[in-house]
Each structure stands twice: as C-alpha cells, then as structure tokens.
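Submitted below is the structure of interest, expressed as structure tokens.
Letters are used for the chains, namely A, B, C and D, taken in the order the chains are written, and counting of residues starts over at 1 for each.
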Amino acid sequence: MTACCHDHSKWISRWGKEDQVGSANYITVAKRLAALQSVQQGKVYDVSHVIGMDAPYMAPNQTPFLLSMWAGWKDSIKRRRKLGFRNDAGSNVDRLEMTTHVGTHIDALGHFSSGDRLYNGNCAEDLVTNWGLDKLGIEHAPPMITRGIMLDVAHFDGGEYLEPGRVVTPEDLQRACDNAGVTIESGDIVMIRTGWGRFFGVDNARYLHGEPGIDVPAAKWLVEREVTAIGVDNMAVEVLPNPDHGLGLPVHQYALADTGTYLIENLALEELAREKLHSFCFILLATKYRGATGCPVRPVAVI
Amino acid sequence: MTACCHDHSKWISRWGKEDQVGSANYITVAKRLAALQSVQQGKVYDVSHVIGMDAPYMAPNQTPFLLSMWAGWKDSIKRRRKLGFRNDAGSNVDRLEMTTHVGTHIDALGHFSSGDRLYNGNCAEDLVTNWGLDKLGIEHAPPMITRGIMLDVAHFDGGEYLEPGRVVTPEDLQRACDNAGVTIESGDIVMIRTGWGRFFGVDNARYLHGEPGIDVPAAKWLVEREVTAIGVDNMAVEVLPNPDHGLGLPVHQYALADTGTYLIENLALEELAREKLHSFCFILLATKYRGATGCPVRPVAVI
Amino acid sequence: MTACCHDHSKWISRWGKEDQVGSANYITVAKRLAALQSVQQGKVYDVSHVIGMDAPYMAPNQTPFLLSMWAGWKDSIKRRRKLGFRNDAGSNVDRLEMTTHVGTHIDALGHFSSGDRLYNGNCAEDLVTNWGLDKLGIEHAPPMITRGIMLDVAHFDGGEYLEPGRVVTPEDLQRACDNAGVTIESGDIVMIRTGWGRFFGVDNARYLHGEPGIDVPAAKWLVEREVTAIGVDNMAVEVLPNPDHGLGLPVHQYALADTGTYLIENLALEELAREKLHSFCFILLATKYRGATGCPVRPVAVI
Amino acid sequence: MTACCHDHSKWISRWGKEDQVGSANYITVAKRLAALQSVQQGKVYDVSHVIGMDAPYMAPNQTPFLLSMWAGWKDSIKRRRKLGFRNDAGSNVDRLEMTTHVGTHIDALGHFSSGDRLYNGNCAEDLVTNWGLDKLGIEHAPPMITRGIMLDVAHFDGGEYLEPGRVVTPEDLQRACDNAGVTIESGDIVMIRTGWGRFFGVDNARYLHGEPGIDVPAAKWLVEREVTAIGVDNMAVEVLPNPDHGLGLPVHQYALADTGTYLIENLALEELAREKLHSFCFILLATKYRGATGCPVRPVAVI
C-alpha cells in the first residue's frame, strides 16, 4: 500500500531521517540550564486556560470536550460494602473525551501534512493509522524547559487586541522584540500576544470566527531564528482567514510538516502582559499519549 | 438535598475552609526557588510512562484508554479542496477517551471520600456532580515545582522488587532516607520505588493483581513531615490487598480526604534508581481539566 | 443510603409492585394478533429519521451524536497480513457515541422521576446508578407490535404545522380522531403529527427552540384510553415552553413516572400524512441496552 | 485520490450499480405479506441478547460497550430549580459508547472489503471516511419483515453444541432443513443454531476463542437459494479459525463484499430450539445510523 506514497526524500531534516523531535533539538542541556538559572524569585505564572465543557472547538475536525463522572463515591461505597470493606472509601473517577487540540495545547509534529508528506519526509499513508500516529506522535516531544519570550503585539493597531484577519508580520515581531529589549535565540519558545485570548470561553463564537495571527513570512522569520515553538493566544497560531483565500492553514504546513517547528495554541497571556514579563524560564511538559497528534498542557513561566 | 449531608466541620483544614489546595500550600516561593537553584547540570529525567491502549486499568472503576484518529489528512484534504483551498493541508486530529487515572497521573483532592466527606470537611453530596467536581478538581492543583525525593525500597527484601501485599513501613522509609542521605522536609514530593513499575504495560494482569505499597502508618509518617505529594511506581500508592481485609484503600482516604495530600501513581522510577538520584528539582504540571478527579501527567526530575 | 428515599408505596401500579413494563401490558396476544392480521398489502412505511452527526440535541442533558471509523479496511488488512492471512479481508468497524435520546427514539420508563420517585413507586436513589438503571431500563420494554394510530393536527391552525408553545388539547385529539374515523383503544400506540418534524436536521436551532405538543390534559386523555405509547414528531412530545412557566416537562413526569406510559420522540410522520394513513399495524423493537434510559429505534407502520 | 482505486466494474450486482440494498431486494411485498399472514397466534419470541458492559468483544477491532449516566435526576432537578421550575422533574439520560458490532447485531453491506473492493464494485478508498461509510451504511438496510428459518445443527456431533473449528457444511444445512421439514426460499432469513450462544456473556473468553460456524461452501449454498440474511448464534457467523489458516473471515468477504448478503451475529436461539420453531414471521428493524457499518438490533420471531 506504500505504493501510494510519493518520494519525499528531499525533505529530510538537518537532524537526519530518524529524527522525530524537530526543533526541540535546539534545546540543548546548556540552553536548559541557562533558563533554569535565570530564575531569581521563584514566582510562577500560569499561561493556560482551564479546560471545561465550555471550551471552544472547531467543528467538524474537533468534537466538544466532555467530562462526566464515570464512578462516583456513592455507588463505589455500595460496591465496596458488598466486598466486605467497612471503611466506606468512596471513589470519584471521571471520564474525559476530547479531540486533543482543546484548550491550551501543543501540536505534535505529525499533526499536519502537506499532501501526503509529514515532517522529515515521512509518508502520511504509512504513519497515520486508525489508532494514532506510528511516528511523530506527541509522546516524542521532549520536556521543554527553555527560555520563553512573550512578544506583545496586541496594541499595535491602537486597541486592546488585533482584529481577525490581521496579519502579524516579521516587522511586527521585530518591533515587539525591540519594545521588550529581547533578541530571539536558538531554542527559544516564542509566544505572541494578540489580545484575542480574551474571548476564549467567554465568546466562543467570536473567538472562532476568524482571528489575528501570523502568516508564513512571520513563521519563516521565527524558524530562521531557530525557535523551538511558536505559541499564540488564539486557536490556530495563524491568521484566519488567510489573506490568500486559496490557502488553508499554510503556517501549520510550514511549521509542522516542512520545518518540524512546534505550535502552541490557546495560550493565556494576559497576566504576563500585565506584569510586562517578556523573558523567563518556560516549562511545558506534554503528556505522553502514544500516537496522539497533540495534547492539552499547562505551561508555566517562571521568574 | 443537602439534608443528606452530615456535619463535617471538625475536618476543616489548617488552611481554612475555603482551601482547595491542601498540601500544595507547603510549596512556598522560597521552597520553589531553592529547588530550581539546586539544578547544576540541566539534565532532565522523565519519570512517566507512555500512555497507550495497552495501559493497565482497574475495572470497573476505570475504562480502557482509547485513542483513535477522528479526522485524518486524507479526508480533511478532500474537504478543504471543496472549500477552494489549493495547498492540500491535511489535518490529523485524534480523539482520546479515558478515565483520568490512567498512566502516570496525579489524584485531585476530591478523588476520594470518606463516607460522604471530602477534603476540608466538604460534603460529597454537594460537590460531586454528573459532570465532575464543583470544588477540589484537578484544575485547583497548582504547578508543582519543588524538591523531589526518591526513596528506593525495591531491594529491601533481597530481590529486585517487593511482592504484592508487602507493606512499606515508616521504618522502611527511614532506612531508605538514611541510605540516600536525605531528610524529608516540608513541601517535598516523595517518590517511593518498590520495583513494581517494571510490570506496567508489560504484564498488566500481574501489575494489577495486588501490589507492594504503603499503608496508613507510612502515609502518616510522610504527612507529619508535611510532604506535598506521595508517589509510587504502582497503581494505587498503597499496599494491595490491605493487611486488614476489611479495609479498602485506606491510604487514599487518609491522604486525600483527611489530610489533603496528593497522590501520584504509576511512576517510572527505574532511570532515577540506575543513576542513584535521590534528591532533585521535581516538576509536575497538572493539566487544568475543570472538575476532573485527576489527570495524566509528565513529571520530570531535573539535576 | 436508602434512608434518603421517601415512601412512595401509594404509587404502586395496577400491575403490581414488581412490574417494569407499564402500559406495554395493554398489548395482549390478542391485540398483537389483530394488528398483524390487519395487514392487507404488505406495504411498509418508515416513521424514523436517519441519525447522523447533524441530529438535533438539547444541551446540556444531551451530547452530540458521534460516529467515527474505529477500524478501517486498510489498517485491518495490514494487521491480517502480519498474521499470515492472504485473502485481504478488510474490516470497517465504526464507533458510535450518543446520549440515547437522539433521533427517533423511545423513552424507558425510568427516564424521568418526580422528585426521587420513579415509575411504580420506585426510589431513584436506589435505582439510578453511575452505569444506568438497575430497574426500568429499556431492556424491559417488550417488542411492541400493536395497532398504531396517527392523529394529524398539523393543519389545525390553518398552516402546515403548529407553532412552538401551541398546546395540543384533548379536543384537538378528539377532532383528529373524528377526522380519521378512528377510536383510541387499549394498547394502541398513538402518534401525533404537529408538522414540526419538518425542521428535524434541517433547521435544528428552530426545531429545538420551543415546539408544539401536548400538555398534561391531552396526556391524561390518552392514558385514560390505555394507550401503550404516545409519539410525536417533535423533540419532547410535550409543548415547549409549558404555558405554566413554573413547570418543566410535566408530561414526562405524568407519562413515565406517574403512569408508566412510553413516549416516542422525533418521529417522521410526513409520509403517513401524505398517504392519509391513520390506522395500521405498528412495530417498534427497542434494542435491549441494559439499564439504558431509552434508545434510538426504527419503528414502522405496515398496511 | 481515487487513483488508488482498482477497476471493480465486473463486480456490479444484478440489481445495478446504484444498488445499496443487496439481498434485501429479495424481500418483495408479496414475500413480506405472506410472512405476516403466516402469523396464527400472535406470540413473539425474542432472539436477541441483552447488551451490557459484560458483552463479549473482539479486540482490537472492537471496544467494550460502555454505558454511563450522563445526566441524573438529582443534578437535573437542581438545574431546573435554578431555572424557576417547581415540579422537580428529574431526567435520567445515559450515554452509550460502542463499536456497532456488539451484542445481537446486523452487518451493513459496507462492513467488509475484499482488498479495496466493497459490495457492488464500490471502491473502499472512496467510500470509507473517518466518519463512516458514504454509501452502503446500515441506514440503507430496509426493514426486514420476511420468513425466518431456524436450522438447528447444535446436536449434530452428539452433544449440546458444536465445538470451535467445526465447519457447518451444506450437507449439515440440508439435513437440518430435512429435520425441520422446510425448504429455503428466496428472501428467507436463515438462522443457524450451533449451540455456541450459551457462552455469550457467561464465559466470554470461551465464546471468543474460536467458534463453530459456516465456511464459504455453506454460505454459497445459502446465497444460491437467495437468502436475504444469514444469522448464527456466534460472534462471526463463520467458523473460527478457518480450516485454511491462510484465510481470515472469508465468509464475510463472500457474503458482504461479493454477494451483498447480510449477516446477523450473536443471536439468541435457545427458546426457538426449545419450542422446536423452525419457520416463522421474522422481523428485524435496523436503526438508521448514518454511515454505520452495522447496528445492534432486537429481532423477533412471531408465530
């Protein structure tokens, strides 16, 4: 059946054809140590949203987040009494169902294809199964402890947030760097605040109906600087709709499939903005669901 | 309906009746800073298992972990072509279903009751709903960055692991501390290695059919030392079956419902043992699923 | 825990306290035989909708209907080749998730309570578990082969359908009977056509935003005539909102909890109306999901 | 992408290339009427099992049947009180998750492929989507009201049931017909009792570890007689393992993909056997889940 697969050998990454980690290779031990040693106060800032049944989702590729009590204290006590236990220990165990791109989450490198090509010249026909990804799943994303940079462009149009369809350009990113007094370096995780995150869970219809974000040029600007991940306080990192109406999610293709760069979505960046924190130790620990195309996370900034 | 609720006012915690954080209060800013500043090399050790469809689960309170491809690249390209997009971006989006106590995970304080009483004198009748916990859910567990201690008792009976039903006593813990040259302090997260973790995902029937672990005396010993969490390389932290056959999961009751102490289960501690690492900076970031009784995590040790 | 349960002994049904079948007792062997013998042509009319991901649902008590391909031909052939099979048999197996009150469906007698009282004086505290109903689940609903009556009231206000909030009264039902030349008899299943069914799956927002239907007086009129089930071409059988704004779903309480009368929802009655078929052999075979509160069905009328 | 599809035009059925109904075409109006008119007593026999969480399933292509209470009376009353309702109507709404081939069920014609070919020369590459079958789904299976035949071969080896691996041959079927005094006719639904059904839900490990059943010759014998469906009191209709160990599920290929003949599995035939009922009016009404590859049913025999 691999007869269906095209030759993608020219897309092999700089890290060799076995690599499944991509831009996370930029986080060296030295980079990680420097990030940890930058911490002076021990203060933690949470940059994730609470994920509940009111979380926005994009149909049809996503389904609602569902959480229900599978086993409750009362029934479990009844069962345990029948087994002869007399201490009335009651279990509350919930069951959770979700497409893994809900809430604040990170995309696995295998989340997007360009045609039938996945990151590192892999063939989607071979790797994408009914039960997840045979390679490039989120379990391969290493713990990310590195320098985080928050670039605030929310006010660049004079308001508190940018509007849907507004492209965040390389020039915007440079200006935000200048404002913050930071320079992007290899292995950084860069988070861009557009201000759009204020509508997450508050006005989901609005949140999902277009968004400000980056287009391919800004993605290239960041990839050239060897960032490990690009995060935004919106649903898809990239501007929606794309200015070229014939293009659907080209930043996903470029970042994930072409260059092996991670994307982080639905970030909660308001507190960092209020505190004017632009550089910090950033920690993101993706849960190792085998073959998953992404997973909800709880990243933090530490100063 | 709260007429069904008993008076639990004498169970209010030292942190006041509004507290939902329990033993995580012990992780002060100073404690966290000290842990981060202990890092010398920048090396990371992953103490979690990969979570897949072969993960062990305890029926009937748990259901199998299921992961399937909800939307694949091929169908999504077909849909996008119909919408006029010409760049053939293919989405792979998986859907995941699980009871939240699968794989390496942390228990929320509301996971267990003693009769109808939850942590901090809360009434289960009021807080446990069809759609999760109204209080004491995992979204309240703060980011945990603190000192981690690994106590290795696996070889205390002369083999490579302890047997099911073997109680890990306070004396065992003291001996392991002495061996490691560590003293438990307030806010530490203590992980106990019984060696039982070797059967996770390898021989699930055996892994689930009883286990070595602590009983209430060792739990008390740890709680008196003000630990934030107790983790073990087994399914339930505590010894199974309990030596008193009339008791079902008394450590869960004592830790979660009575004292607000977190439990971490299914840890992967082999690498730490091989490297003889007993003290480190420990980081655990629980995903904020609203009202969930726990969640899979990817904790790491950093030195 | 049954201490929470009130005394409901005065609600024991005419069929004795062990009965779980309720109004289906009216379908005697003779009644069934007469219905079957009424068939003259062998023509079948389907009165159910196709159930797909576009089926309407009432949040939060219902979740969307989800159907996905759990195992597809391609992956299953790959697996079977590895097992040594050479005939390339490919399995397509879908997985389906739903609250059971989706599409054309029948309610189990245990679907509704009045306070903590279920049908036949049963106590909800005792019967309703995390995993379904211990009694009164849909598996107890016998095969229903009986006379079906279709009462058409859709045009009673001069249009093609009644409007939301329009109460279908006993007088309306009598008038529809007179129009059709039928008299309701014990064991009949009565289906009322309001015309509202035209919006099912076509304009779900409208379909769910109120509906024409019966109120308690018409339900009583039918129950006095000993019908086995009441079906309507709307989401809830009963008028929404109720004219008494302090009442929520009183017909469900009356029919299911008080009198043990089945309800059938989301019927597709347009074809029967076009053919002016008002009396026929009606067949409904509820799938025996243990403890389910209802189930999707495919009832037919045969003439 | 249909470039992957082979030319299957020689597999077009006798009913034309648009046909999605297959052998159900044999049930003519006259056939149906004759079946209904054969009913003399009005007695109903249920030939389905109750479907619960103890239902057998074949991993990995099937997942366990799960049923839980999504919304219960107590919480729903709380919510309705907040909305101003004073009648304390409590809803019990369960949520159900299953692969659709659980319990007594019928296979849709699109359930199986032979390579990339589905029934009627259709191409699996085109029809099988992430969200079900674009054609040949169970919603196309018409109501089946026809003559049912029960052939009892359970005692042919001298015991109460046949053993796993025992092939039911054409000669066995002829002998069972002779015993019963029946002749198979076009449009009949034939159910074969091997006795294996006694282990359903009682000893699932045994039930699933091989089974007696038909092989392709007996399937051909039945298809030549133009049956509409073949049902057996086992998991897969066909003998497992196949005597030719290089063949996996060849009867499924032959019946579904090659000849458009329906299969019914996990039938409960003990009562028919006890009553020595071999010919009856048979009714099976498949729920119209769009694109599903099968569905649980509750077929009945009526005499």
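As a convention for this text, contacts are C-beta pairs under 8 Å (C-beta built on N, C-alpha and C of every residue); 3 or more make two chains touch, one makes a residue touch a chain.
In this text, all values refer to a predicted model and were calculated from it rather than measured experimentally.
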* Asked: By the touch rule set out at the top, what is the minimum number of steps from subunit B to subunit D?
  -> 1
* When subunit C meets its copy subunit D, do both sides use mostly the same residue numbers (more than half shared) or mostly different ones? -> same
* Express in whole angstrom the distance between the two chain centres, defined as the mean CA positions of subunit A and subunit D. => 44
* **Geometric centre distance via CA averages, subunit B-subunit A, whole Å** => 24
* Structure fact -> Flagged in subunit D as touching 2+ other chains are 53, 60, 63, 68-72, 74, 77, 95, 97, 129-131
* Asked: If each chain is a dot and touching chains are joined, what shape do you get: line, ring, star, complete or other?
  -> complete
* In the complex with subunit A, residue positions of subunit C that touch it -> 1, 53, 60, 63-64, 66, 69-72, 74-75, 77-78, 97, 129-131
* Asked: In the complex formed with subunit B, which residues of subunit A make contact?
  -> 29-34, 36-37, 39-44, 46, 48-53, 60-63, 67-74, 76-77, 79-80, 83-101, 103, 110-116, 124, 128-133, 139, 142-143, 145, 245-250, 252-253, 281, 283-294, 296-300, 302
* To do: Give every residue of subunit B touching subunit C within the complex, in rising order.
  => 4, 60, 68, 70, 95, 131
